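You will see two complexes here that share subunit A, one where it goes with subunit B and one where it goes with subunit C.
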Partner chain A sequence: MSATPLLELRGIDKGFGPVQVLRDVNLTVYPGEVTALVGDNGAGKSTLVKCVSGIYAIDSGQIFFEGLPVSVNSPRDAATLGLEVVYQDLALCDNLDIVQNMFLGREKRSGLVLDEPTMEQLAAETLASLSVRTVKSLRQHASSLSGGQRQTVAIAKAVLWNSKVVILDEPTAALGVAQTAQVLELVRRLADRGLAVVLISHNMNDVFAISDRIATLYLGRMAAQVKTTDVTHSQIVELITAGRSGNLGLSENGGPR
Partner chain B sequence: MRAGPSQDEVRRQNLGALLRYVHVHGPISRAELTTRLGLNRSTIGALTADLTAAGLVREEAPRGARRAGRPSLVVLPESARVYAYALSIEVDRLRAARVGLGGEVLDERVYDRPRDLRVSEVVGPLSAFVKEMQHAAPDGGRYVGVGVAVAGMVRRHDGLVRLTPKAGWVDEPLSEPLSEALGGDHTVLVGNHADLALMAEHLRGVAVDTEDVIYLHGEVGIGAGIIAHGALITGHGGYAGEVGHMIVHPGGRTCSSCGARGCWESEIGEEALLRALGTDGSGRIPAHQLIAAMRGDPGSHEALRQIGEWLGLGVANLVNIFNPEMVIFGGTLRNLYLTTAAQVRSRLNSLALPASRELLRLRTPKLGEDAALIGAAELAFTQLLADPLGLTSQSP
Partner chain C sequence: MSVTIEKAAPLTVGSHVRDYLSRVRGGDIGSLPAVLGLIALCVFFGIMRPAFFSAGNFANLFTQGAAVTIIAMGLVFVLLLGEIDLSAGYASGVCASVLAVLLTFHGWPWYAATLAALVTGLVIGLAIGFMVAKVGIPSFVVTLAAFLSFQGIGLILIRGGTNVPVRDEVLVAISNKNVPPALGWALFLLGVLAFAAIQLWQWRNRHARGLISEALAVVLFRIAALVVVVGAAVYVLNLERSRNVLITSLKGVPIVVPIIVVLLVVWTFVLHRTAYGRHVYAVGGNREAARRAGINIDRIRISVFVICSFMAAIGGVVAASRANSVDANTGGSNVLLYAVGAAVIGGTSLFGGKGRIMDAVLGGAVVAVIDNGMGLMNASAGAKFAWTGGVLLAAASIDALSRRRAAATGNR
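This part shows the complex of A and B:
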């Protein structure tokens, strides 16, 4: 849709000792779109996310944010740029309530004390702006939330902090049908508000339901990045399992075409 | 040749435009209204004063503004005081809501409906709900009208209900008996469920800012609301959008609703889901739990994929005909789409023409199950928004 990618990776290489995990990986992520990142276990999805979010240092390659080259050396750098990662299960602190979780580490103060009313109001406004109707009380502890509600709160946190890129790692794994539907709709709405969303998923229905582009990693290489309106389920499955499908994907010798 | 519009007509137009803006977009400052509506400051001031005097809007000082100068007042709809009743006749339930100006649901009642309940028997519980809510409503409110969404075919000019899937209704008047039961002082406007849900999504849901959009509603049968180039397609008699009876499988099953063979509805409607679950098509699993039941039953996974293929095939036909920018999956189709999207998309991508599908967005409703109710309320608000102060009704 949009001309300038919000996030662009060029030629990312990453190895751990003798093991080369990512080789010459390119990825472009546009605002207003959901880019699905798919690949078999061990294809390098999580490593790629950790490189972008500053947990791992890249060996070579470049990261561009809003068209400008940046270096991401720590998760704090990533947060400053406006990049938020929502992990599958590490998303919330069980012993804190929803408001405390959403403001964790970035609490609002009024003088010496915390400004609870303002934080509660901002949290409520954020959830309402995302049409979230499933959360009853903002003061309930995270431990009492269902899986879907936890994801919802974690995603809303990214919106509250005006993140520009949100990376979601398997947000619907282990959720039931109803909760999966709610989380998928929330992720879609996030992109429709203009954010750039990266969705990591093994579930092809989730991928086809809400993504605009699909990027397939195969053994540490980017096999193809295609528009969701141009491919079929079986083509994506072939890209995941063989690295190519027809004229898509890597060439015979494993290199890019 | 006709002279230009009279002063009164211009005023009515402007009052309508201002009220509609506040109704659709919510609280907004006077300053912003002048830019949005392209009217000057004093006109906005006068119009707002008229609407305030009529009790339709009110003004407040803006919250938390700390800029220099006198802050511009915020105009907001009198949602709690000006309201309409929205009714929804669905296959398995009856719903009634009191909806305030601005689209806020203020009160709601739901009644499980036995499937064989006839029109005459629907009027009773629905009018009872309205009376009950009217009784509970705060004093000093203003009740502007009633809108009804029916999951069936509705004749455009008088709201006659022609056919409701599986309910056995054929040619039943609804608007008149309902209006009579409510005391006869308000007209009751009737619309098709999918059309009204689409209207609501287009006005304040996922399809805002779209000009070409199709809303598919699944319940027992399948229906559609279609907006092409900004206008709702009603058809000559009001029956357009019966996509459930599009033939997708010649020689397929006989459709229990229309009698033809191979209707889309026979492949993706409630009966198809129940059949896939191994029941005879008459089981009593609530529609919203069907997909969850199928996901939990490994035996029906293949059947579910098949149904997804049929869903994609039908959507591909519609995309080739209408070239919409968005297709919305509502009712039972919401879950069906989300759980079979790989099949739906693959089918669509292989059957719809590349040029017709390249910018197509597939979405689920933002207003969820309330879409048709909100749409019915919009129907009831139409007259008020066209002429907020009743300037024309005084000289019929």
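This part shows the complex of A and C:
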């Protein structure tokens, strides 16, 4: 492999009471690459993301960040490491504006007082550096943003904090054609800046268009993680639906090969 | 580099007005109904009872509405999270009882008794907040239970149905004495200058950094409006309002007014200029988003109940001062409903995430004007309650409808 992985998961297990959602999941994410995480509805993709970002505690397994074992117990821990997540349900506060949302939980202050001008300037520079031109005013409330704009703000937030790893959970699921293209372009640009990007998507065209690697979850297990150039559409579809395809994927009895 | 976003459209007076109108049309009406309602009510009562506009009655409005307004300020914090505190009224009663009992039965000095009352408020808030945030009982239930208990505790504290007098000069002065006219003008000047300085400094700072800023005329207009409105109020309150000047002279701004102004400024600062305030709005707007942003939700939830009960304690002290005594009914009957009404009438949403401390003051004024005006018209207590209830319902309807409108126009 070219570089050392930025983020590596080894043997992650996670259950909710009697339901075992993730079983012995391994995942490696490299800087400068888009790693697509695919899998059927309920395969455990969102759960895996929430384990990495400190929203759920893992039952067992290890998380390595830049080669070092780390424990992520809260969203704050994840942010400190340089890991930013754009959630499927786009958590923005509708009653706050773009700047306020981008800095939420990490407000710039001078003494006790919020430093609004500095925050506004930084937010503007970040959006400009991503060539985002779709928002009218940085002071408009999140409630007045379109789906694509919300997605853009959430992604820009990751850039603002100089994150090393950005995980996007179905960022284009609710978007039209034009906005999907814009967001995907933005995602690719993040990777080209040297960030490690994990993209969760159900859209195989998107996945093949911008990802460097594809990891497939099947019923809470990692079926395979392969280079995008080494596989075909239909192989990935098979991995998603059956957990294996030819010599790829889980073995007959369900265990890893 | 940042050109595309910032230099999009320089703001002018015209764009400011257009922007405001479009926000109102979009369902973001804020305090507009309260301000319009206040004007309409004043005109109505002024026509029906000319005495309504006398200097004496104007001063009465402040002392009558003070306790409810102060309690409403605290309730704004709780309402911002979409929670409710039904016990705020009786909490103020319990704190007032603590004050009166320590002062009168135990001979404590006024400052020690007041401090004890305020600490009582903090403890009450902490207990309620803990039950809501850590134990996970809905605030409606916790504070309903507290509502009942505090009524009982108040009774026990003042040892039955008697009435405990509060005679300490300092405490009685809060709601019954006035600031000397000269000092009133000095405070007015100080406040106005500080406001103007801050507004202009902020404007200049944004301008210098090349950030989009309001037209200077809008800032100047805001300062001028404050000077005119507050100046007129100070002028009227400084008029002689004694019926017989030979016996006593009665003029000046009631002492509760600067107290309310200070509380208004402090809490507005906390809500709009500190990270804590930002987090209160965030938790009220989208709790899950706030949690993922690393905000300690439980701490925020507990803190708003602490602030609310603390403000209730201040309200209790003010009420005790006004009545010169504390009895089982202090903080009871209509106090809580008037306070919740004040916050909601002022424009604070019952659904959380939207509201300002100023809402409590505007809404408190509406409630005080109704109560006072109907009193002048010799309306019965029953009629007063019925009308205030009607106004509260109207305000809540406006809140719900503007929310629906905002959802339809994509503003919320």
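The definition used in the following text is that the second predicted complex is superposed on the first by the 252 of 257 C-alpha atoms of A that agree within 3 Å, B and C clash if a C-alpha of one lies under 4 Å from a C-alpha of the other, contacts with A are read in each partner's own complex, and residues count from 1 in each chain.
Please note the rule applied: contacts are C-beta pairs under 8 Å (C-beta built on N, C-alpha and C of every residue); 3 or more make two chains touch, one makes a residue touch a chain.
These figures come from a predicted structure and were not determined experimentally.
With subunit A as the common reference for superposition, the partners subunit B and subunit C occupy compatible, non-clashing space. Of the two partner chains placed by superposition, only subunit B is touched by A:Ala181; subunit C is not. In the superposition on chain A, A:Pro117 makes contact with subunit C only, while subunit B stays out of contact range. When the two structures are aligned on the shared chain, A:Val231 is found in touch with subunit B, with no touch to subunit C. Using the contact criterion defined above for the overlaid structures, shared-chain residue A:Gln151 touches neither subunit B nor subunit C, since it reaches no partner.
Using the contact criterion defined above for the overlaid structures, shared-chain residue A:Glu125 touches subunit C, although it does not reach subunit B. Partner contacting the larger number of subunit A residues, of subunit B and subunit C: C.
Minimum C-alpha separation, subunit B to subunit C, in the superposed model: 10 Å.
Within subunit A, the residues touching subunit B in one complex and subunit C in the other are 133.
Residue ranges of subunit A in contact with subunit C, taken from their complex: 53, 55, 74-76, 79, 85, 87, 89, 91-96, 100, 104-107, 109, 112-114, 117, 120-121, 124-125, 127-129, 133, 135-139, 141, 143-144. Across the complex, subunit B meets subunit A through its residues 206, 291-292, 295, 334-335, 337-346, 349-350, 354, 357-358, 360, 362-364, 366, 368. Residues of subunit A that touch subunit B in their complex: 131, 133, 176-178, 180-181, 184-185, 188-189, 192, 204-210, 228-234. Partner subunit A is touched in their complex by these residues of subunit C: 1-6, 8, 205-206, 209, 211-212, 273-275, 278-279, 281-282, 284-286, 288-295, 353-354, 406, 410-412.
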